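Scroll down for the structure; my scribbles are underneath it.
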Amino acid sequence: MIRVGINGYGTIGKRVADAVRQQPDMEVVGVAKTRPNFEASGAVEKGFDLYAAVEERKPLFAEAGIDIAGDVEELVEESDIVVDACPSGIGADNAEMYAEYDTPALLQGGEDEDVVDASFNARSNYDTVAGEDLVRVVSCNTTGLSRLVAPLQEEYGIEKVRATLVRRGGDPAQSGRGPINDILPNPVSLPSHHGPDVNTIFPDLAIDTLGLKVPATLMHMHSINVTLEAEPDAAEVRDLLESQSRTFVIPEWLGLDGAGAIKELAQDAGRPRADIWENCIWGESVSMEGSDLYLFQAIHQESDVVPENVDAIRAVLGEADQQESIERTNEAMGLDEGLAPTRTAAEAPADD
Amino acid sequence: MIRVGINGYGTIGKRVADAVRQQPDMEVVGVAKTRPNFEASGAVEKGFDLYAAVEERKPLFAEAGIDIAGDVEELVEESDIVVDACPSGIGADNAEMYAEYDTPALLQGGEDEDVVDASFNARSNYDTVAGEDLVRVVSCNTTGLSRLVAPLQEEYGIEKVRATLVRRGGDPAQSGRGPINDILPNPVSLPSHHGPDVNTIFPDLAIDTLGLKVPATLMHMHSINVTLEAEPDAAEVRDLLESQSRTFVIPEWLGLDGAGAIKELAQDAGRPRADIWENCIWGESVSMEGSDLYLFQAIHQESDVVPENVDAIRAVLGEADQQESIERTNEAMGLDEGLAPTRTAAEAPADD
Amino acid sequence: MIRVGINGYGTIGKRVADAVRQQPDMEVVGVAKTRPNFEASGAVEKGFDLYAAVEERKPLFAEAGIDIAGDVEELVEESDIVVDACPSGIGADNAEMYAEYDTPALLQGGEDEDVVDASFNARSNYDTVAGEDLVRVVSCNTTGLSRLVAPLQEEYGIEKVRATLVRRGGDPAQSGRGPINDILPNPVSLPSHHGPDVNTIFPDLAIDTLGLKVPATLMHMHSINVTLEAEPDAAEVRDLLESQSRTFVIPEWLGLDGAGAIKELAQDAGRPRADIWENCIWGESVSMEGSDLYLFQAIHQESDVVPENVDAIRAVLGEADQQESIERTNEAMGLDEGLAPTRTAAEAPADD
Amino acid sequence: MIRVGINGYGTIGKRVADAVRQQPDMEVVGVAKTRPNFEASGAVEKGFDLYAAVEERKPLFAEAGIDIAGDVEELVEESDIVVDACPSGIGADNAEMYAEYDTPALLQGGEDEDVVDASFNARSNYDTVAGEDLVRVVSCNTTGLSRLVAPLQEEYGIEKVRATLVRRGGDPAQSGRGPINDILPNPVSLPSHHGPDVNTIFPDLAIDTLGLKVPATLMHMHSINVTLEAEPDAAEVRDLLESQSRTFVIPEWLGLDGAGAIKELAQDAGRPRADIWENCIWGESVSMEGSDLYLFQAIHQESDVVPENVDAIRAVLGEADQQESIERTNEAMGLDEGLAPTRTAAEAPADD
């Protein structure tokens, strides 16, 4: 059993903790948190040992009647690997502690690439991180782009990617974030930093990205152009994307018109927290004009990196090869069942 | 076992079907649907027998490869009771069919009160509907108001209720509904119809309501004033509300500032579809000025009537008394576990 | 001519500067600003002398090529009165400077009441501030409530006011403010501070208020209950409100359903910045249940205090009596023309 | 004087009427409207003769006390040209009437291209529509794209345009339109119809477009890629765009981060209805990667076609050449003054 510590128990950390617990070859040593709020209380209810991330704040937990198993340093020491899901920038600060206890660690995509030894996406570069000390699981948007780029690159070759990322302004519970009624170029200067981030996974890829921020909370939306080095027809590209393990090509007959409908589907499917771990690509949108591929994909900012973190644990520790790990992760999380049949129900196999 | 048919499998119907299936004394005969969309597909995946609500559209299901168990009339005939969760107005149209097969039926709150024999809220008038043929489970807002009125009425007496209902513009997947950036008096003429609707449960209650519509999708928000016939202190009222079975009095320490945070909590708690069946009352907001009680409560428009439908089944068929039914429903659905400890964790019992 | 200095040239300051300039008995000495942005540039384009509010930042204006007329202290010295429209809290900090130069000053509603000698609303207490050194023009919401309370109090007597303020999350250009998709009790604890603020104008009024924040930018919306000491019929109350100088009772035939439509009307009417200086009361909503009056009113947070600031200048300096001042202000601003006929066009006088 | 009739007096019609009235060589014969609402009332207040667009509804105007100058046919007969600003599809229906009275007419961009003799954009193809009977002023988005394409095409040649149009869900007063909290691919199938629409102005241009709809009301946002046939540096391209008559290249120092800020600027500048007739291009966003140009531009859906309609009048009637007309239109509307200095204030000429 791989002993995994989770440092930071917010949007990403709590999801990773649940996913790790579901893995047959992993166990959660504990989770670390800075203060006793509803998520700390939830961790205890779920039976996770809770560690105090900040020494001085331990009394606050006591006051709130929440038992503490120890300090974060103990968690790091007892773990084979730590998933650091602290807010952006804190992960970098924690790197020294992980080094001190000689515990490999995964940071999240909000950290700078030069803080880490390598960046990671399960589909794209699983084999490159074995034995590294500090590995970054790239951000939700970069994960979504990487999953799309990998098969296209392998199958057709890519001349250039141009992507407009229409990003949600904040997560559903982040009530302090805007905009309320605006569409914001963000960042204004182009190309945006998202392209270079994809280059940490695909160093030689030509990619230009543009970012916007809009008043929505559910998912990011990517408006994608890929100039291929071949001219497949759209149906062929669609087949390729449907065959991938973490893409959900939305069939027309489902009638899903946006992120709200996708989330409804995920709720009905019984997904925990209505999470959508897959890239959601509108099948109808997949189209070719000459060598130019176009499509729309929606990315669930809160959860698409969760299975990636699970795989990164095995990849760094060398505990499984790529295919084994992805399959084990998907099966344990229920990702392999899919959100819905991707073909019309009439065409779908009876037991799907 | 009570054999329950569900006619209409949308927002309410699919939730009621799941909740009925969880009851130890009920089984779902089947669900009826008008057309083969993602919800129809989901029903089949969950193992519900699917009946065609519209004869002429049966071929559409065949085309989509979805097996049909029969026509809706057969469903009605085979059921001890039908929960009609069709869109507003269709329930009234269906009344004749239910009468023809001599099957009692529950309609939803979108139907007019004069279509039915009685209106129902489990906390408030459970005992009044036994043996009726056609009973209306009142709307989400009226359910929320009734749960609040009942204990206050019993404990202190009510001189008058004045409530402003700040309603969500549409549900999360209803992408065609607005407003985008406005606050709409709705209806403009006052008092609104919501007050008279509460009077179908509490005929003698003095209540005036005002309705607004805003660009939000998660929950309705009620700004409540109740002029009591007594002058309890706020803590006493809060204790009373905490003691109710389907109210969740939000403790300050949880730090929940709105509907987004409540939904996050429900997701973390593993609630199906992140549903919130309880009135969510901000504990900190409960206050008394003389005999005037003020408070804020959030109401989950998609799900607060679900346990009410389950109870209405037993109430109409005379299969259990009020307390038995409510407890059985709550336990089967997991409602009895609560969303979070309502007291500070330090004060909460160890096993809560 | 009254020489008026404007300290702070943002949302309120720039509007007050324009309105003061339009008055026949006033002139703008200059406006003070902390930094050279588009509003500073706009001030210069409009021919206002620009003063540097912060000594150390003067070089920034030079760098931006914007001429500075002097320091804010000079502006204060040269003015008969200063309108302080700085961000909340800064006005209080500036009080000492105004005292030093013996220049009376108006602060805005974001300042605490105990910072000032008196609070002001033109309709309600014009006569009480003559000769005061530091006077606060109450906030947009309090102004809107005061204009409503004053005639009702005079005509019928008021037993109690209960108001729910559904507030816009931010102004249209405040892209950093939320919420995006939520309805927030704000503040959560009740009654809110808005009631006590109205008491600075009506010390003996019984008033309880509740505040919410929603994802809208155009106007605040008030859901109002006033328990009167009489039982007039609704038409009579509506007549009373229509007769007021700064209330616009929206007639049914205009078909205005919310703030967006009101702003459209203001744009069409040629109002500067589409400003709406009046309380906008839906005529159809004005209703009586016994002695309980109910109505909805929309309040334009960016501009309803502008005519109040103009009147406060004359009131503090003793330059005109209430009626003279209000009429002069209204006429100079074009407020007297109204946004639209308040009766159906058929009933309206031919020359309206 | 060119005698212009306006058929349809809504969002576009009322703006075109005002702009035509401002032209030294034009007069408004009258405006036609289907029913007596606040816009009809506003037309009368502005002194426009009002014609009834639907014979049977004339009594409604009488009831509302609004004088009618005649039927729409009379308006058509008395006009040298008609601007048809009716809702999409009605313009096509009206074509027969215009033919019957031998009055040339301008339709709006919501009509199909095959209904008209030619499509029009002042910057791009002014000279091609002289003498035509039925000319379509292309839509707000196509106008915005055409103004951008024209100079780039002329100066550098264009290999391909790829544009993502992030469209506002509805106009500010369209409270019934959504989405509230979503990002919708719209249309889902790619490329969208916007590209072919640009081809009605630039028949040989290679252009692929993608459309989205978001919860915002103020302006559309275009995320633009143009692969040029040359490799100018970004500063050169920016100079080119700044030199155009109806593009506003937003300088960094203004600090405008989105549509809300642009509208604020337009309000401060005293623009009627805060209209923004120009393409608003973020100067900082203009960038070159090899031959790939990227930039963001915001398009005011309610008004960018207004000066185009004015020019189309002269173009169709052969009353002025392109440069004369554009200059005359701009000067009469105040468009030539610009929204703000486009260079840093320090660099701007003193009298700008």
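Going in written order, the chains are labelled A, B, C and D, and every chain counts its residues from 1.
Everything that follows uses one rule, which is that contacts are C-beta pairs under 8 Å (C-beta built on N, C-alpha and C of every residue); 3 or more make two chains touch, one makes a residue touch a chain.
Keep in mind it's a predicted model, so treat the numbers as computed, not measured.
With respect to chain B, maximal separation of chain centres occurs for D (centres as means of Cα atoms). The interface with the greater count of contacting C-beta pairs, when A-C is set against B-C, is B-C. Between chain A and chain C, the centres computed from C-alpha atoms are 48 Å apart. If you average the Cα atoms of chain A and of chain B, the two centres end up 35 Å apart. Centre-to-centre separation between chain B and chain C, using Cα means, comes to 42 Å.
Among all residues of chain B, those that touch two or more other chains are 172, 174-175, 179-182, 184, 215-218, 257-258, 260. Chain D makes touch with chain A in their complex at residues 160, 162, 164, 166, 168, 179, 181-186, 188-191, 208, 210, 212, 214-221, 223, 225, 257-260, 282, 284-287, 289, 292, 294-296, 298.
Against chain C, the residues of chain D that register as touching in their complex are 14, 36-39, 41-42, 63-66, 172-175, 180-181, 217-218, 253-258, 260-261, 263-265, 267-270, 272-274, 340-341, 344-348.
Residues 169-170, 172, 174-182, 184, 215-217 of chain B are the ones that touch chain D when the two sit in their complex.
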